[in-house]
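Below, each structure is written out as structure tokens.
Shared chain: chain A. Partners: chain B in the first complex, chain C in the second.
Entry: the complex of A and B
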């Protein structure tokens, strides 16, 4: 009742004209346009031909064509790269979603010596720049005989998701009342049973958040993949895309078309999981 | 069906605090035992040790004769109802109620049949396919009860199961809990901080304080013969007032009234130091004009100025300011709380009046005090010297 009244006052307050609000809004609009322009340029470039992409700054193609997309698709052997990307991303995600919910459960619920030091150690990895671990990572891959293989990448990516995965699952599980676990224990669940039957089904937002964030970063990963892989038949999409830039004459419309094809799945995944994703972030922040 | 016994049970935490100390208590088969006390008295800890959710530091808990100290919760064959119900949010009502049976790998048909039978008892039949988020507080509470019933356990454990309900619903559900417990005749331990709930619900009530069991008895016995000042002050609503008394010749002298004592009582009071703490319940009083001549004999008359008058419709209570305040430190130690603070030596004595009382604030009331309903306590340890001696027919 009072909440409703307050919302109304808020709305009225918001509608009232204030000069600084107008200026602020204008600045935000300009900033938004600047941010989104390169992306839109990429999208429009994918529908332009070779000459127009260089001559016209307009975002709307004068002679829109699908030829660029189909040429790029066949020229790049897109299917093969896409398959590599799907494999690497898929296996990494499976490992991430198999390991970190359990790790988060342990850090949230179980009491064991060194629980918090270990937890903060994992969180601290967040603040280590990825590049500093590049060389050690490559050395480990080569020691294990995994250099240049997809498995070497998948293990590295799964491991790299540790701070994010553990933190999101732990904070989410922290918000689940402990009575639920106790009740499940009385009902005859083992510790693993409690996790898989009670906690994990409730953690859909956390699963979606971790899945989206890890999907994006693994799908787009370029540096580790680039250093590790040498056989072009194992290249993922971002590496494949680079092939377009190594021609003598760079065909920018094809680069744009390739980029669009690479980015498309990311956008689709985000849209599908958006609802869970946002509530997962909110849950993590509140926790 | 099982008897539950605590035998010298202790709960110590690593930091050295003792939540439960040397608890000896036997809950008979089919009995509804209430554990009651202020927050932090160890009642929930005691319950959780039975459930297996807390380790037992020392002593034994037996369920049906079997020592369960080292058994996991699921091996103890108990069902627990939690204060916040602990319903699984992602499961329907039917799934919630059948979950324990599913864990026990019972056939699907049996689970469905038992869940719907429980739902029928609890008036939840129309809600079996709904999720807890779509239920009212009372319905959630009933689902929590249903989850316990479905398992047909050796005992029910209930940890403040009604505390999250509003006052009106709590009274309704209180009757519901009593009905279900009687119907299934299952041993039940019920934890609450609400002494009204304890008094109305329990076959027997165990009062705890600071981890120590104070007294176990029927609600009537706790009310009329409390073992010490803590139980006396905790049980009964409105609460008992404590007044400082003094033995003088053949009489017990309070600042506002003199009570004759018989020889045996005098000896007991003298043995306890001669300055007992006098416990007076509001129901020990009446307006002098309303007392029959026969009853008048049993009591003494006095006059005092009326402070606040509170009318509850069926009866009224008045606070009258009198002298005779008990040392607040002594009260804190033995009764767990200081009286309503008043300036100087005065205290507010709560007395019951008839609903139709004409007394108003500032009047001088002529009041009658039932001699038999006076409780006397030893100021040194707060233990009872004399309890309520009025007989059933006199009440």
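Entry: the complex of A and C
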């Protein structure tokens, strides 16, 4: 008896909710399309020739061609620029992962005077607009003879990653039980040993998070790179892409192919390591 | 005997504390050294620069005191006019970016939260704009917004040809700011979805179940239960979007370079152009950078205050 009544309510419920489900589903599909829309055009443009790319408003190429990709590859000097991008991104990541786990350990575990003020100082970098420090950064780099070099960029990116790196490692280390450190100390392990043998191996998710987030931002970086590098042989991919658009007659099929080549590694890394990325943003935002 | 051993232990503990403090400083030393050079020294350099007149080439820097700030704010008619216009535009973009970001990402998160199997896939889709933000996607949007681009062709196809822009959405001074702001929203919505999604997952399910059994419609549940509960997240999201509008100028630099007719020059792009544009004026650039910094700090403090009160 009551079971029948319940099913009836359920039926009414379901009917009442059906339009809302429809709206929700529609919203999810439409926004999914909006999210990928520019990527669809990158792929579409990359397989069109230079005439079709401007004349046809259709996403599907009429005469798909691979020439555009190969032309762009050689024109962009993709191999050389990709190597530069990999170098700058890789060295920046190494610096970031060499410096900030230790700092995070100090801020989380060790007690020393000035701990909190120093911590807040690093976090506050987040609120300094990049453009405020951009000009002085360039001038300081030129004073130090670092302007135009990859090292200058890598140091700047490593410094820029301070708020994120320190926050994520500190927050993660906060969750590791103190007893681990106490017993390691009883066994005569040094702080350095405790960090590298116990804390860091436990913090693999934090390492992955910081690495993914820094990879994405350094790989895409255009502003600092653009004003500091002047020698085209040191250009990274975003600068190469920018060169494509500064041609007298812009070949949009090549710009789209170039854009595709630039974002593809980011998309692959993101899809593979999505879990770490999402927890990283949640952590950074809540920290 | 007992007191001696206690004193000994106390001394040993003090030595341990000192050693721990030294270790602490050593562990943060590399981060601190980098920050001292590229953070503190650079920022101090910028502050010094804001009190001089210098075009970057001439060997002399003339100390002008607060004149740069005065010129930017009122003393120099043309310059202060362009600063005021840029501030006005920045405020417009703030409002025009925040409201759609909230209005799109909250319903999207609610819908996504009720999805089972496809959730991971959809989350990946919605997140692409955030991870790929940069020159490549901005160029793709530029292409879409061209006179012969995808947007105009969609509008014509669905019978809204009257809305299509003959000069392209970025070429028309009346639509350029809205088009760039829309791209900005496109790249900030993912953060909103992620934040709201984690907020929704922390809400007690039985509360929603009770409302549902009482016959409340999803819209009512959203406006009377979810919205108030998610208010701290909304405040955080608003703060993050405002910060992005104030500080990020890539979208304006790469899509319109401030044009047409300066219609898309925001404060941070103006600062960039004063430093790296055709007529470099380093003193003005540094001073405007500092004004922007002060404004960002005030905004961050306000956001912190609001979050504290509500959270």
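The definition used in the following text is that the second predicted complex is superposed on the first by the 249 of 287 C-alpha atoms of A that agree within 3 Å, B and C clash if a C-alpha of one lies under 4 Å from a C-alpha of the other, contacts with A are read in each partner's own complex, and residues count from 1 in each chain.
The rule is short, and it goes like this: contacts are C-beta pairs under 8 Å (C-beta built on N, C-alpha and C of every residue); 3 or more make two chains touch, one makes a residue touch a chain.
Every value quoted in this text rests on a predicted model; they were computed, and no experiment measured them.
S.K.: With both complexes superposed on chain A, which partner does A:80 reach: first (chain B), second (chain C), both or neither?
M.R.: In the superposed model, A:80 contacts neither chain B nor chain C.
S.K.: Is it chain B or chain C that touches the larger share of residues in chain A?
M.R.: C
S.K.: In the superposed arrangement, which partner chain does A:255 touch: chain B (first), chain C (second), both, or neither?
M.R.: second
S.K.: For A:115, select first, second, both or neither according to whether it touches chain B, chain C, the two together, or no partner.
M.R.: Once the two structures are laid over each other on A, A:115 reaches chain C alone.
S.K.: When the two structures are overlaid on chain A, which partner does A:186 contact: first (chain B), second (chain C), both, or neither?
M.R.: first
S.K.: In the overlaid three-chain picture, which partner chain does A:147 touch, first (chain B) or second (chain C), both, or neither?
M.R.: Neither partner.
S.K.: Just to be sure I read the superposition right, which of the two partners does A:123 touch: chain B = first, chain C = second, or both, or neither?
M.R.: A:123: touches no partner chain.
S.K.: Tell me which partner A:201 touches in the superposition: chain B (first), chain C (second), both or neither.
M.R.: first
S.K.: With the touch criterion stated at the top, can you tell me which chain A residues are shared between the chain B interface and the chain C interface?
M.R.: none
S.K.: Please output the residues of chain B touching chain A within their complex, sorted ascending.
M.R.: Against chain A, chain B makes touches at 51-53, 72-74, 78-80, 82-84, 86, 88-90, 99-100, 103-104, 147.
S.K.: So in the complex, which bits of chain A are touching chain B?
M.R.: 177, 179-180, 182-189, 193, 198, 201-202
S.K.: For the complex, which residues does chain A have touching chain C?
M.R.: Per the stated touch rule, the residues are 13, 16-17, 20-21, 24-25, 27-28, 31-32, 34-39, 41-42, 45, 54-55, 57-59, 98-100, 102-103, 105-107, 110-113, 115, 118, 121-122, 125, 127-137, 139-140, 155-156, 158-159, 162, 166, 191-192, 195, 216, 220-223, 227, 238, 241-242, 245, 252, 255-256, 258-260, 262-263, 266-267, 270-271, 274, 277-278, 281-282, 285.
S.K.: Name, in rising order, each residue of chain C that touches chain A in their complex.
M.R.: Touching chain A: residues 17, 20-25, 27-28, 30-32, 34-35, 37-39, 41-43, 45-46, 49, 104, 107-108, 110-112, 114-115, 120, 122-129, 131-137, 139-141, 143-144, 146, 148-150, 152-154, 156-157, 186, 189-191, 194-195, 198, 212, 215, 217-219, 236, 240, 243, 246-250, 253-254, 268, 271-272, 275-276, 282, 285-286, 289-290, 292-293, 296-297, 300 of chain C.
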